[in-house]
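One structure follows; several queries about it will come next.
Naming follows writing order (A, B and C), and every chain is counted from residue 1.
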Amino acid sequence: MPSVRKTVILLLILSLAVAGLTGCRQAPPPAASQNGDGETIRIAGQFGLVYAPLMVAKDKDIFAKYGLTVEWKEYGSGGAVREALTSGDLDVGFMGIPPFLIGWDKGVPGKVAIGFVCAPVSLISYRPEITAIEDFQSDDKIALPSPGSIQHILLAMQAEKVLGDPKALDNQLIALPHPDATSAMLAKKDIDAHFTTPPYIFQQLSEPDYHVVLSDREVFGNDFSFNVGIVTEKYHAEHPRGYASFVMAINEAMAWINENPYEAAELLAPNFNLDAATTLKYMTWEGMNYTTAPYGLLGFADFMQEAGYLTKVPEKLSDIAWENVLAIVGKRGGTPSEIESLQHRTAE
Amino acid sequence: MMQPKLEIKAVVKTFPRAEQAIIALDDVNLTVNDKEFLTVIGPSGCGKSTLLRCIAGLEQSDTGLITLNGREVKRPGPERMMVFQGFEQLFPWLNVLGNITYPLRIARRKMTARERLKTAEYYLNLVGLPDAAGLYPYQLSGGMKQRVAIARALSLNPEVLLMDEPFGSLDAITRNALQKEIARIWQETGVTIVFVTHNLEEAIALADRIVVFSQGKIRAIVSNHLPRPRSFDNPDFGLLWDRLHYLLDAGAGTKEIRIVTGGSTAAGLVF
Amino acid sequence: MAKQNRVSHLHQSTGKLLRQAMVLGALLTAWQLTASSGRFPELLFPPLTKVFSFLLAEKAEIWQKTGFSLSLIGAGLSTAIIGAFITACLVMIFPPLHETVMLLMAVMHPLPGIALLPIFLLWFGIGEKSIVATIIFSAFWPLLANIVTGFKTVPAAQLEVGRNLGLRGGALVCLVMLPSATPHILTGLRVGWARAWQSSVAAELMYGAAGGLGGLGWYLYKKRYMMETAGVLAAMLVIIAIGILMEQLVFNLIELRTIRKWRTASD
């Protein structure tokens, strides 16, 4: 009967496909450039006040000074950046510590190469009766960028502390990009609160009625890196000079921002559609810190494991960070140094 | 004198076309008597189907009047049920029984389900399909389909049964059988029938009067007194056939003509 | 004669089901072999065993989210069906409407519902209403197109029989055109369902939670951000399973009871 024959042929094709898949190897990443001098690196281009050092490095072409050619890549979301690091499509991506830990837990092959920006992260609402997260009713909606984001984890930490269950507010979450959530907040439509970051925090807080319901300090106790730069194991192993060039370039960009705030504001203002004065105000807001020193690298892990977001925690810093980061933190004989303690959470 | 069943008075129907309008019905006048079997013959495209459709109300005449039992009829209605030529006139989503009871539900709302069932069974018997109730149209032969269509039309107890070349798509043998059937049914029920065909034998076998139609006009009306059941053996059959054939060929003359044939002697031909 | 048909039909359907099961089994085996070969990291290509254990572990949440998604689709699809029927009836009863509707359809039909989601979000806000609007939009046009085609291809003889019985306008449409158009309506329902299902999941994937609990799309979204590839695949399996169930249990059954019974469509 013809239908049996068709099925057999289909099965044959399938087995060939399986054989092909199990036999093929992953394509090797693009090699270093031909002349022994310069290296290439693939960075996810990200945009915003909290990526200022990257934008400065790109605009002033600081990478070239260190002989580094950058291939810039665009992705739609933080999740996509993580996926690209996993599939070998990307060498460097920036993300928050909790999303990085989730990826690390699941086997994303990368580690922290630099601290990046410390920034205030706050839960804001326009409803006067909401002053703390205990005030939320079950139909109040809270917007944040995505599940597993730093905002989500901070909220969960506070929920565990005051409501007893880290997932207590999970059913009220709406995943929205910052601009959309800000529009909704300013229109007072659809969402009641927004866990957000600069500059959206500043935009919302400059309106009357908008107030902070929960601040990162309240939850975490000390500063933490809002985002960090992740470099894949493969790139780190195969391109030591490229890695070093990248780290130096970012360092230089950061130093320049901190030493030349006015020029930095002027350089970046057009990208944000703001005037230079407002940009400067935002960049120097209380709590904004452009630094490659890491903060809070280990402070999220224990909580995340207890709450079920991670299956394992880093035992030591070298599990999740490369050498230059380890060097910044150091290892004090006797009691840990301040900077070592600052990798953990002080609020309990 | 009894009121005629159907009266068609001065009916004109034209179909607009690009270059020149086609006059399908050109001042047609006709009466149909109660219980009579009238056939309309003519070549293809002569307008006979259009006439039938105007009676049925499926087409509207431009001018003129059509009355049924003295009252004007314009819109279609179940009192003038039509049986079509094609095999697609049965509803494919209903079985044979359903094809009869469903129209009954639509047109005779006061009937109960049991009455509908009885009626359907009666007419299925009448058309010679007592066992076909559960079959679906796709399971029926052409002849069976036409029988069902006839049963459906009759079950609605129409004032007049209109048949538009109903056996035209059938093979000769089935056609023959159904001609005998319709003659028998007509005699049993006494329903008035207007039957359109281009087949002369069929017309002669079935009709009381034969209307010769061509180019939108009635050319002649021929009374048919052949005794029933009719057969080819009767020499008058052949004579009538010749007359009709001649009239069809001539296609001329506008006066209504009566040709009487009877018995075995030749009768006069009046022009 | 009918009984013989039924028996041979049963044989045919069993044979077909067996063949489908064979192909499915082969695909799943291929998957498991590829995953366990170790060529790909587990993150990219989790083994089936992990996917299934995931399904079992989270079955309560998956069940709940599936129910939510289906409820949204139920609301959206039924609205689209009713709307499409009414519009198709009106188009047949009032010929001038036909041109306008056909023009609208030419413009709207190629648009995926997802493309309109941002607009719906502006109009209806963030939440279930926008998702349901997307579902309605996605399902409405193929439904309308198929129903109208069905109506227009009713054989003229059947329409004339209907008119002969005294039926006009809406009654003619409902009593004659509708049953006659069943094959096309069934096709429209199949396509409408598929588009509704796809657009509901896609909309949630694009814009996070639909309502407080969210549906399968939201589940997929969460799993993605938690990098639980096995969870993503588990959700996909559920989506596929529902599609298959809908087809076998609902559409196939309708088809058997109607157009296969009447032999009005070619097999």
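Convention: contacts are C-beta pairs under 8 Å (C-beta built on N, C-alpha and C of every residue); 3 or more make two chains touch, one makes a residue touch a chain.
Keep in mind that this is a model prediction, so the values were computed, not measured.
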{"item": "Taking each chain's C-alpha mean as its centre, the one farthest from subunit B", "value": "A"}
{"item": "Pair of chains ranked first by number of touching C-beta pairs", "value": "A-C"}
{"item": "Central chain (by mean CA position)", "value": "C"}
{"item": "Geometric centre distance via CA averages, subunit B-subunit A, whole Å", "value": "86"}
{"item": "Geometric centre distance via CA averages, subunit C-subunit A, whole Å", "value": "38"}
{"item": "Whole-Å separation of chain centres (CA-atom averages), subunit B against subunit C", "value": "49"}
{"item": "Junction residues of subunit A, two or more chains touched", "value": "none"}
{"item": "Contact set on subunit C toward subunit B in their complex", "value": "1-2, 155, 157-158, 160-161, 163-168, 175-176, 179-180, 182, 258, 261-264"}
{"item": "In the complex with subunit A, residue positions of subunit C that touch it", "value": "15, 19, 22-23, 26-27, 30, 33-34, 37, 39-44, 125-127, 207-209, 212-213, 221-222, 224-229"}
{"item": "Partner subunit C, residues of subunit A touching it in the complex", "value": "3-4, 7, 10-11, 14-15, 17-18, 21-26, 79, 82, 86-87, 99, 102-103, 105-109, 138-139, 141, 146-149, 171-176, 184, 189-191, 309"}
{"item": "Touching residues on subunit B, where the partner in the complex is subunit C", "value": "56-58, 75-78, 80-82, 84, 86, 88-89, 91-94, 103, 106-107, 134, 136-139, 156"}
